[in-house]
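The two complexes that follow have subunit A in common; it is paired with subunit B in the first and with subunit C in the second.
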Partner chain A sequence: MRLDARTLLRHETVLAALVVVTFVVLANQSDRFFTAANLLNQGRFMAEVGLVALTMTFVIVTGGIDLSVGSILGFAAILVGVLWKKAGLPLPVAMGLAVGAAGVAGLTNGLIITRFKVPPLIATLATLALFRGLAEGISESRSVRGYPEWFYTLGQGEAAGVPVQVWVLAGAALVAAFVLERTTFGRATYVTGASETAARFSGVAVDRTKLLVYTASGLAAGLAAVILVSRVSTTRSDMGTGLELDVITAVVLGGTSIFGGKGTIAGTLLGLVLIQALRNGLALAGVKGDGTIVVIGAVLILTILVSNLFGRGGDG
Partner chain B sequence: MLRAALAVILISSLVAGRAEAAGWTGGDDQPTNPLPCTGGAGPAASKPYDGGAPANAPARKGKKLTVVDIPKLIGIGYFNATSKGIADAAKELGTVTAKTDGPTKANIDEQITFIDNYITRGVDGILFAANDPVAIAPVLKKALSKGINVVGYDADASPEARQWFVNQAQFNGIAKSLLDNMAKEIGEDGAFAIVTSTFTTPNQARWIAEMSAYAQKCHPKMKWLETVEAQEDNVLSFNQATTLINKHADLKGIFGMTSVATPAGAEAVSQSGKCGKIAVVGLATPNAMKPYVNKGCVKSVVLWNPVDLGYAAMHVMRAVADGTLKPGATSVKAGKLGELKVINGSEILLGPPFVFTKENIGKFDF
Partner chain C sequence: MSESSLARARPLRAPARLARAFEAYGQELVVLGALVVLMAVVGAVNPRYLSDTNLVSIFAGNAYIAVAAIGMSLVIISGNIDVSVGSLIGVLGTIAGTLAVGGHSRWVAWLVPIAAGVAVNAVLGALVAYARIPSIVVTLGAMSILRGGLISATSGAWISDLPGDFLIAQKRFLGVPSPFWFAAVLTVIVAIWMRHGAFGRSIYAVGGNADAARAAGIRTKETIVAVFAIHGFFAGVAAILFCTQLQVIQSTVPPNLELNVITASVIGGVSILGGTGTVVGSTLAALLFAAIASALIFLDISAYWLRAVLGLMILATVLADMARRRRTI
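On to the complex of A and B.
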């Protein structure tokens, strides 16, 4: 990586600088913000959106989008509860099946998009409603509570002083970054997004790439669901509503182009950190809920504007 | 692979399809205690104290308190009223700064994040109305462990996650009042349906469970058609009520279990021209219902005074922080409301439910 003007003006560098500036400003506004306890706690809240954002980066890089991740999360969360309480399965089995079912849900998305050639926006908009409906139907609107103690360590426990889900997120981020940037699958993802026709004619397995990417998106939502259930110690059928918006905001803020072909995991992580820091720091500084939403929207617009103004830095 | 995927999807749709969304399957598995069919509310139950306790709370007696109020959501009339009550009490006490903040949707995740941020900021007291009693418990217990006083109102959390809960009225008292008023309007063999928030919101779930028990005991011939969810959203409540009116030809009454569902239900009845033919009975703020009560569409609105509820909650918070309200107490003084009784171990009762009718609704402005 040469240190020239082009590298310095990459979206990710601009974003990193913005994150640092934000941290400094927020730390000034409240002395509780920049403490280890608070930052680690925010890491806990970030984990669910983070896991889904990692796979959403892949999805958006292929030029697609997945609006159904929130509903898949709700669906998987309900399955954990229902399989454990009603079907009487041992809890680890229920967890595994729930994540697997979420993967199948993602696969369904992929199949609709590749086999039936439905645009991803429309396909996942439809499955958003479908999976939410399934979640509500299966749950029969009861919430499931009373999980064994060990289950809560996933969402509420710590390992070496750092919350468990932060370790999970860190591990997943490393894997995702490696796959996206160092494997042929990652390159296939980029070229599918950059130009699908060129990819097909180059012999890239475009359909298989898309299927895998949407399945991964479902699996990530399933894992996030298990962590969420563990964190709030109950399952509700309305879990995950609105998750897709948070996830897409983080990914787009991180520099991934919505048209596909451009994006990095590092950018997504920076976007994630920026949004969480803003949410938390502003609340600690005394700004009320509605003000925070306005600020996050403004930051998103400004970052994209600045990044576009300074040219197309970096090509993934 | 494709076939296996399709098979799994079809099987799960079949499973989901068998679920009966129409029947009441919500609730919190707690025992119900229906009141006698005639006469007023029965004597309050008494139990040993079952609330939680803050760890190493600093001595706050006589000192200035910063209290944050986090209701289910902000921006609806009911919680604007409780917020006003809290602000009034804070001004009257003179030693408390109170702020109301919360999510714009009745979402438990967001509410948890709000509470967590205020714990980090360091407040002296947290007042809350929970979107989910179990999900909110871990973050409230965290608040207690940091020495913050935690008092709930309107919608409770698990008892050990908070110190006291100010209950607007006894659950069975509300159930009795609602059903008796409905029976008076539609008769002992009328058919009714219920529009609620969600099946797992703590207060609505308890009320409906008590209504179910009371209806079986004292109005066994009334037909319970359906219960639907409307998430405390205006448009959704209106749509659900309209669907109920169109779906059930024998519908004679609609219960609105939230302050948003009742006016929406009344509007739905009014717009479909069934004013006077379909009764609307429910919980609502008087201002929202004035047009319908004055038109004669709605005869009675059951509520308590939410401004008083917020007022009482703040006085309880001050008493708890000062140490004048201890576990095992049987009553607490709440400013202009006088002595409020302690029931069920750690609940403080505001009083009997109040029924607004055409005659008295004009006197209230919230």
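On to the complex of A and C.
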């Protein structure tokens, strides 16, 4: 990659510069920001949104969207608690079944989208209501607590000084980047999003690609659910409400085109880091949580605006 | 293509004319039929469902969703989407309440928020049309800004002691609650205007095929800004109806309101792909969903399962709609 003007104006480069500036500013604002302890702790908070954002990158690259991830997360979280406490299953089995059910939920999205040709926005809007409803119905809005000690390792423990879920996120990111950028399946994902008709004529298994991508999205939400339950030590049916917007913001901020065909895992990770750094830095600077949401919304619009103005039309 | 245009040119016999009416208004008729059947069946099981109090709570209590769905339908027909409308309604309702309590006249308290809605959404429309940022990104950002700004400014404090003459949603006209009049009159005006007005037609053209619309001399960018501004007007009216329903205003964003508004538009027959749909359908769908939610309570379905059943019904309607559309194509 030559360091010419076009490389400099790539979305990821703009974003990386923004991340560096944010870090410098925030480190000057507060002594506590740029410490290993704080940064690792922030990684803990990033893991759930991060895992779902990785698979959401695939979904959006195919030209789709998945609004139901927050509800699938709530659904899977409730299943962990209910299968373990009410049905009396061993906790590892309950965890496995919950993640599996989340995968089936994602597959359902995929089937509605590919078999019935329902636009992804509408399909997942409908299942957003459905899966959240299932979570509320199954749990009867009661929370489940009192998990065994070992279970909290995933959400609260450390390995080699780094939070366990940061390892999980890092591993998942490597796999996702490899699959998207180095495999046939990754190429199929891009082609499906760039031009579905061309993809079909080129013999790309468009429907199978979409089914896999939405199933993966469900599985990631299920895994995030287990991590979240382990981190906060309880399950509630409203878990993950609004997660879809955090996730989509991170992915779009990372330069993935909402029209499909374009996007990278590296960009998504940069988007995640920027959002989390802003959250944390502003909190340390004394800005309340809701003020932070305002800044994130503004950063989202401005980044895409700048990228469109200088990046040769962006999505054009 | 030439075959179907030939078929159109031939004079239609009565059954064919009926079939064509069904083709044009199919979704609206399906939704209306579902509404009538639902009310008849639930009313037979539990007559209290059709009591005056309950009908008022269904139709007047949810009319603001129908009003917001009119604007949303225009946005979706123009090929865009707005996920920030729920937050905007929360913000505008709080502005209205603050003005009313602050001793301003009720007209100021009603009209300033509506003007603010038009202004905010015109900016969003300009970002979509001129800065070429996809509408989902613009409105996702706007949603964060509006929601976060509202909670930072008010800390979720309730506004009480609202003056009685400000509470327009609680008034009646000819014995019928005012929100119902707002929804009905606005729907009819916009429906006629969309079908016969030049600007209304141009919204369909822009959503159907922006390049073709531009080639035909339609100013697509101005159209999109105007559509968003009009949507802001309806969000403003919806906010006034929403915030004057009760004696207090909870200055937060009503949860999932944007989803309810988008769902009403889409179930009412507005294609998410742009270019087709009517506001009559979206208004009927908003009322249908309110009626379903109320029916579940009257049929003694556990409150915990309410949302699951509602979700299943949305899904069933979407699938039925797709099946119907594929037949007509």
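Observations on the model:
Heads up, the rule we're going with is that the second predicted complex is superposed on the first by the 311 of 316 C-alpha atoms of A that agree within 3 Å, B and C clash if a C-alpha of one lies under 4 Å from a C-alpha of the other, contacts with A are read in each partner's own complex, and residues count from 1 in each chain.
Everything below uses one rule, namely that a residue touches a chain if its C-beta (ideal position, glycine included) is under 8 Å from a C-beta of that chain, and two chains touch if they have at least 3 such contacts.
This one's a predicted model, so the numbers in the text were calculated from it and none came from an experiment.
Of the two partner chains, neither subunit B nor subunit C is touched by A:L169. In the superposition on chain A, A:K288 makes contact with both subunit B and subunit C.
By the touch criterion defined above, A:K117 reaches subunit C but does not reach subunit B.
Once the two complexes are overlaid on the shared chain, A:I60 sits clear of subunit B and of subunit C alike.
When the shared chain is aligned, subunit B and subunit C each come close enough to touch A:G137. Annotation: subunit A residues 133-134, 136-137, 140-141, 241, 288, 290 touch subunit B in one complex and subunit C in the other.
Within the complex formed with subunit A, the subunit C residues making contact are 81, 83, 127, 131-134, 136-138, 140-152, 255, 259, 262-263, 266, 272-273, 302, 304-312, 314-315, 318-319, 322-323, 326. Considering their complex, residues 30, 32, 37-38, 41, 45, 101, 104, 107-108, 111, 115, 133-134, 136-138, 140-143, 145, 156, 228, 231-234, 236, 238-239, 241-242, 279-280, 283-284, 286, 288-290 of subunit A touch subunit B.
The residues of subunit B lying in touch with subunit A in their complex are 2, 5, 8-9, 12-13, 15-17, 19-21, 25-27, 74, 101-104, 107-110, 112-114, 116-118, 120-122, 132, 134-135, 137-138, 198-200, 229, 231. For subunit A in complex with subunit C, the touching residues are 65, 112, 116-119, 121-123, 125-134, 136-137, 139-141, 241, 245, 248-249, 252, 258-259, 288, 290-298, 300-301, 304-305, 308-309, 313-316.
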